[in-house]
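As structure tokens, the structure follows; a few thoughts come after it.
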Amino acid sequence: MTFFDVFGTCGNCWHCLVAKAATRCPHRRVYGITTSAEDGLLGGWAERIEILPGVKVLPLPEGIEPLDFMGGGCGLPTGFHAVERAGIVLGDTVVIQGSGPVGLNAAIFAQLAGALRVFVVGAPKARLEAAKRLGAEDVLDIGEVPNSADRIAWVHGRTADLGADVVIEASGNPAAVPEGLEMLRDAGRYVVVGQYTDAGDVILNPHRHINRRHATILGCWGYEFTHLHRAVQLMARHNARFRWRDLITREYSLEEAGQALEDMEALAVVKAVIRP
Amino acid sequence: MTFFDVFGTCGNCWHCLVAKAATRCPHRRVYGITTSAEDGLLGGWAERIEILPGVKVLPLPEGIEPLDFMGGGCGLPTGFHAVERAGIVLGDTVVIQGSGPVGLNAAIFAQLAGALRVFVVGAPKARLEAAKRLGAEDVLDIGEVPNSADRIAWVHGRTADLGADVVIEASGNPAAVPEGLEMLRDAGRYVVVGQYTDAGDVILNPHRHINRRHATILGCWGYEFTHLHRAVQLMARHNARFRWRDLITREYSLEEAGQALEDMEALAVVKAVIRP
Amino acid sequence: MTFFDVFGTCGNCWHCLVAKAATRCPHRRVYGITTSAEDGLLGGWAERIEILPGVKVLPLPEGIEPLDFMGGGCGLPTGFHAVERAGIVLGDTVVIQGSGPVGLNAAIFAQLAGALRVFVVGAPKARLEAAKRLGAEDVLDIGEVPNSADRIAWVHGRTADLGADVVIEASGNPAAVPEGLEMLRDAGRYVVVGQYTDAGDVILNPHRHINRRHATILGCWGYEFTHLHRAVQLMARHNARFRWRDLITREYSLEEAGQALEDMEALAVVKAVIRP
Amino acid sequence: MTFFDVFGTCGNCWHCLVAKAATRCPHRRVYGITTSAEDGLLGGWAERIEILPGVKVLPLPEGIEPLDFMGGGCGLPTGFHAVERAGIVLGDTVVIQGSGPVGLNAAIFAQLAGALRVFVVGAPKARLEAAKRLGAEDVLDIGEVPNSADRIAWVHGRTADLGADVVIEASGNPAAVPEGLEMLRDAGRYVVVGQYTDAGDVILNPHRHINRRHATILGCWGYEFTHLHRAVQLMARHNARFRWRDLITREYSLEEAGQALEDMEALAVVKAVIRP
């Protein structure tokens, strides 16, 4: 049993009804992100959580245990949404920028959505090894290849110098955006899903990066119930192939929550789970 | 009688056949743009022009004379393509950045494609008056409102503080890109069609401009025969309403070609026609 | 002031959340259609109507009076939805089958959505005259051309023998479906919006009508708030051009409701309004 | 090495240029289908074949041998195109009607395109066993379940009584069309790809099958080079999983061609290969 951590989406405002941009509803709230301990037991890292009226509860389908689901976490529907937004078609070559939970789930769903090949550009080694286990054809360690031009050349060398059909930014680093656009083929699709916090500005060239490239750039914010629902069904079907649970590097007690945060920040773990 | 000035598109390469990105075919050439006088009579500003074998010729439909068509010029299919790329739906509010030939044609086709309201941000006065005559609900003179934040506020003041559903950049100024993205509503569509030459870099904020806004940014390069064909049919039908011919501010002789260029650069004319 | 006559759509079921097929939500109800007098004052033809909690109320924008809106009626959002479903692009040739309120509103919105030409096939004369006033390029009276093959030939004669890009069935007659598919060009789009009640079966040829034609056939059920909202905004903008109010042939008192029904059934009126 | 058996598509007509419906180009020809022995060596079942100028040749990628490709045959790009036309999204439940080469390839590509589950309805046993080996979750033998209502109930029993998100008709039997539409969920997508020859008419109910169901019905004719190109790349990647070569039940000599036809007609083989 899990639940959809997004609540409050009103279903009655202009965003919800006319524009159908539900993830931008001004009343939208998210457990543990827009709520704090002062709002009640509306976050994680706790022995109990309060399920408010109207929160959508979702039974885990047969074949998934809670730890499998936690191996996906919020990266599961986020990566799913990014892949849906990318409009992947059968045979696409896809580059993922970033090898954290969102990037790894995007790598999974890109394959399930028809990608011919998925490449992952990220760090550190442990995460890139996870990417390979999950089916990435090749990975690039940005620690070993610190120069942006070299990384762009790496992608061009694997795509007949055309660039990738789809590039998904899941890194959180603003500098990834111009780099990713240089990795993209003409008339390709570029999804920006990693910039959930404001990590700063970046310099782009509108002529080269957007107009002449005939690029489609797709910002991707939040996820809807349909993404979580379908992601969980696919997890149940493909759990033997992708073993989401194995993304959990370490479990922590509630007292070790600070350590978990430190390890995440140091990228020392792929996925940290707190077991209260 | 006119002709499709794009030629050479091979129909046999990866861009043409697999990616279906025909405007990015490496063999694509354009009369007077990728060809020079050294290639033969393959440009304008001449008494005669050579129609190479394979160039697609298009009879002007009843109701259009050559001068009507010249009032549209290459801004006609370019603006048409930009509007198609925007995916305008019935009831959209559209902002056009730039009041040159591409921007004005985009303003026309945005209305024909179902826009509820079209706003044009540009300069100078004569072009903005043309925009009004062509149906723009309101226009903003950037000469009078030189501050970007004021221009963004102007759009928000006309869109219940939501921003526009669609913004089309047709200005050629890189700085228009972040400004236009601030004019865009959440989950809106932003078309970049004005950056045909490299006019420099610009600073963007990936979090605010792309990711959180759930924006769709669409580069738009060149046009295909289908755009010219359909644009000309619509011109014939709506010529009384839009009077493309009236966009021609002045006709020049062949000897005055230099003056025509100077006038265009000074924005002293909307559309300059050379009559050899 | 008006209101959205659809209510009860739950926002929580599989149809609403996962499939996003809100008009097929099993909890959906419609004033006067799925409700009867026994449910309360939940229909029209009454001096007062009960607005249940949760029913969405929509102020009429400046420029529309109640009688304008009643000239549109439920044909307004239904025709709007059919046109949206058709995916009309700039330059399309559109045939509407049926000249009742849904067909006439579809003719209006098809033009607003970018159609080059709209043809209306229907009856009787008064409705076809309304169609012409609303901008149809030509109309065909099925009373005068009773033979299906002749009507198909009439469309081919106006489309270079290609057939129309889009055909919208708004007639309620099952026989219109195979006839309309013969009027459709290869790879065209056919919308079925007129078969709201089961008026019987029809014979189709899957090879000729669907497969070889590469046809896209789009059933269209109900409408959502976004359709009503945007239709009303466009009505306010284009009321001088289309004068929806003039579609009301006659007003009836509440006592004359039976007569109104008889006149509608006899197609003696375009739109009947009961003024309680 | 293989080649694209479609040729003659002109790239210059209204179908090719304006409507972009290349598979309906009037100049389109297909080796062995629209050409006969009188036209030259333009068919199969021969020791040699003439590759006309302009015919597109495609090297088989590493990992595929000619017999693998022949196991796919023309069902490979046909099934691929049908799946692309279906617009499958991550998590869809898909029913395939027909277990011949087109149906089996559609079952393969539906899985690669993101389907959660694929069901195949067909005959005889050997083909259904192939479907299971290729990943179908369950199969229905129409020889054992001759009643249409029972087959529809079988699908509803596996889809929470909702029907399938996507149904692909690849049977060639006109009666499959109304049956398949009853298997489809509200607002689902139905592809008709099996009716390549006129096998007769069928009775439909426009209200129940199309309008109220809000169905999208998609005829699918032929294929383009992009479909063959991408299908072959995916075959090379997934050959170990799907082993197309194993679909070849028997090889025949040129003298046994008549026997091969008889076996195909009797459904005694999945795929027959003639080795001249």
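Residue numbering begins at 1 within each chain, and the chains themselves are lettered A, B, C and D in the order written.
Convention: a residue touches a chain if its C-beta (ideal position, glycine included) is under 8 Å from a C-beta of that chain, and two chains touch if they have at least 3 such contacts.
This structure is a prediction, so every number in the text was calculated from the model and none was measured.
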Copy pair chain A, chain D: interface residue numbering same or different (half cut): same
Chain whose average C-alpha position is farthest from chain C's own: A
Chain B-chain C separation of Cα centroids, rounded to whole Å: 34
Centre-of-Cα separation between chain C and chain A, whole angstrom: 42
Sequence positions of chain D contacting 2 or more other chains: 19, 229-230
For the chain D and chain A complex, residues of the former touching the latter: 80, 83-84, 89-91, 109, 112-114, 116-117, 229-231, 233-234, 237
In the complex with chain A, residue positions of chain B that touch it: 14-15, 19, 21, 23-24, 160, 162, 165, 169, 174, 177, 185-187, 192-221
In the complex with chain D, residue positions of chain B that touch it: 11-12, 17-20, 56, 224-226, 229-230
